[in-house]
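Chain nomenclature is as follows: A, B, C and D, assigned in order of appearance, with residue numbering initiated at 1 for each chain independently.
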Amino acid sequence: MTSGDALVVSSDPLHPANLIPELCRSFYQLGWVTGTGGGICIRVGDKVYIAPSGVQKERIEPTHIFVLPYPQAPPSPHTDRVFLRRPALNLKESACTPLFWNSFDLRNAGSCIHTHSQHAVMATLLWTGPVFSISHQQMIKGVRTGGTGPALSYLDTLELPIIENTPNEEDLKDSMAEAMIKYPNAAGVLVRRHGVYVWGNDWEKAKTQTECLDYLFEIGVKMKLAGLPTVFNSP
Amino acid sequence: MTSGDALVVSSDPLHPANLIPELCRSFYQLGWVTGTGGGICIRVGDKVYIAPSGVQKERIEPTHIFVLPYPQAPPSPHTDRVFLRRPALNLKESACTPLFWNSFDLRNAGSCIHTHSQHAVMATLLWTGPVFSISHQQMIKGVRTGGTGPALSYLDTLELPIIENTPNEEDLKDSMAEAMIKYPNAAGVLVRRHGVYVWGNDWEKAKTQTECLDYLFEIGVKMKLAGLPTVFNSP
Amino acid sequence: MTSGDALVVSSDPLHPANLIPELCRSFYQLGWVTGTGGGICIRVGDKVYIAPSGVQKERIEPTHIFVLPYPQAPPSPHTDRVFLRRPALNLKESACTPLFWNSFDLRNAGSCIHTHSQHAVMATLLWTGPVFSISHQQMIKGVRTGGTGPALSYLDTLELPIIENTPNEEDLKDSMAEAMIKYPNAAGVLVRRHGVYVWGNDWEKAKTQTECLDYLFEIGVKMKLAGLPTVFNSP
Amino acid sequence: MTSGDALVVSSDPLHPANLIPELCRSFYQLGWVTGTGGGICIRVGDKVYIAPSGVQKERIEPTHIFVLPYPQAPPSPHTDRVFLRRPALNLKESACTPLFWNSFDLRNAGSCIHTHSQHAVMATLLWTGPVFSISHQQMIKGVRTGGTGPALSYLDTLELPIIENTPNEEDLKDSMAEAMIKYPNAAGVLVRRHGVYVWGNDWEKAKTQTECLDYLFEIGVKMKLAGLPTVFNSP
């Protein structure tokens, strides 16, 4: 056991180093993290737990987890990042790190999830402007204002900004932050032709909000393709 | 163990407090209860077992179950409800409670299931009137008249009322009851842009009828989108 | 243990009384036997093992299995059937029995599977005539001539008769037999608005052929809806 | 234990003889290898591990695995093949063997996967020419140049050759090799109306690239059917 391994060894199934592998297996079944894409990070107080990059997400082990201190300046580029614990294996830190950091710095989130769900990507192709929006769906009630605030009402129109993709994932940091500032009520940010980032106060709320949003992307796409309006003013 | 815990501790896998968590895990796989939505209640004689609200339905434990006495006046608003057992944790009672109660009071049901299945929601969007109807499908035979009566025949047209959604789930109580009275042969009630409530004499019959109805919503939607008629008079 | 229970108690996972429950759980995951519909029977020499009717197929136990002697006259109506073993529980024998018998009597099959797969049902709705046909698909090679003969070639056109549904499942016996005689090369029979029956020399071949046919129904439906031809003469 | 069994008996879950059965079960869940179709081979140095042909891929056991020496001349026809180990059971060697060999000989691959995924087949039907191509999708970054080279960039257009199917799988050998030579940057070869072959430096990279490509086939098909362009020059 190298120095720092104590940070990821626990018999508690709810310890972040145990939860991240379990949740990633579940996300794989949902089609969110196939092909090494996507992932989840969990922040507990001043420690951030992150899965490695470029690995099969359904086969992560607790010992593969990186631990970073929080706060620190948005940790990009790589060379500036401070770690409390790195895996012994030759694993790369997640390219999503600066994006996850946006959710901590701008929304005080405790967890952030990134998926490559095809429902999210199809939504960014059918909503060609800068915003995905849908109204009058019960699942809207499962999403919180800004991701960490009070729950939306059935009467609210859900809006999520869509930013353009960049060749390097880390380069999304600034445009994602801008979108979060411009749309303070949004619980996530869609990335065109790529996927979505969703956050919450803790892993449960990040996960259930990702489920609600993925549901809304899916049914929104179905509605568009069926010629049904997705936003309107009176039920 | 607090007072009342004996009501939810059992080594019998068919005890309602064990069944509800197991069934909710299965419903999650089917996409019926993602994002904390949906659920199931089971009534055995004078006791009603209900899962909590706003939690991940695939992670419920037996100790999270509420137990209410039956009969009691439709238990809404919250403050009037009587409980035989509340979880020690800070869990909310289900917002579906008054809706589940409709199935007990008006149909003498032993179990009621609520899903947010996208097939149900799409059906409510493509059947724009007050009724979903489909005929000449074998799966109609798996549904019972009124949910608790004799099985439908292949020659019967299945009809399910569709009620309009309300911002607060509990406010569906009266319109759901009206629809159940107006359509005494219906085994469930669809809620537009929200999901469906289905009941049966016991949990097996509630579950298999929900499966049959969900199948019929799904194939009905496929047929509509393919331009096929969904109801006609001679096979 | 009642008389006859020895016929369904075995520590061999490949014993029909153990296989049928396991396979039904798998078929449930595939959407073939939801809502109590569908099922499988296995014949080993002079014994036929059949699951009960009207139960949750994913929850069958070995002790729920019926055992019938073979040969016997097509066992319909119920009152004429001979059993080697009936479950102690109050279970009904399968309404599919006379249909399964067709596969034994007319094709010498060792196993027959019945599904309510939506792909099968959609195929019967989009192929409005008496035959489903598709050509130039690799999966055709996984299907055998008549279900129990040599494998089809990639150059063969796969044809499956479609019969009209009847209110009582047992009443399909004669039209299914007629279709099997008229289409001696068919490995199964589709039932319009209902599902499909597929057989093979043993349970493995019945199962893999059902998978191949279900795949062909699914892709055939996708092709039809996309405006692609499903049968043609030169690749 | 017959001579050679030591080659497939190991307590290491990452031994190829253990991995192949596990991965095939997972591929079955994804719909890649139903009906006995598809499979995976793993090469470790001078040994090639291959699953048998014509069996249920989700029920393979380590003792069913064939082991062949590498290098040897492309092992076709069957009679010329050299084996280090054959299963005791009456199992056939994989008809994919010469195709897998192409990936070793022409790309120095360590693993090759063959699927009958419907997304691959639909892609070969909607891309009617000799090449499948898609651009501006994040998942392109999960695919490597030629399958074993450096990763593609988001700005690269992914191209995969499509060859025409033949009645005998082994007869695809030459046209697959020609396509691999003509398209040196392609990480796989699609076979029209049949499926896809994908390879990588090792089983992890073969598997994750198959996931990325399958994702791209699926979303490409969705985009085509929705009337969206799949290749263009400026994001």
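Everything below uses one rule, namely that a residue touches a chain if its C-beta (ideal position, glycine included) is under 8 Å from a C-beta of that chain, and two chains touch if they have at least 3 such contacts.
Quick caveat: nothing in here was measured; it's all calculated off a predicted structure.
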| item | value |
| --- | --- |
| Neighbouring chains shared between chain B and chain C, ordered by label | none |
| Magnitude of the superposing rotation for chain C and chain D (Cα, nearest 5°) | 90 |
| Same-site or different-site touching of chain A by its copy chain D, using the half cut | different |
| Farthest-lying chain, centroid of Cα atoms versus that of chain B | D |
| Intercentroid distance (Cα basis), chain B paired with chain A, Å | 31 |
| Inter-centroid spacing, chain C versus chain A (mean Cα positions, whole Å) | 44 |
| Touching two or more other chains - residue numbers and ranges from chain D | none |
| Each pair of chains that touches, named by its two labels | A-B, A-D, B-C, C-D |
| Complex interface listing, chain D residues touching chain A | 136-139, 142, 153-155, 204, 207-209, 211-212, 214-215, 218-219, 222-223, 226, 228, 235 |
| Complex contact set, residues of chain D against chain C | 34-37, 56, 116, 118, 121-122, 125-126, 164-167, 191-195, 225 |
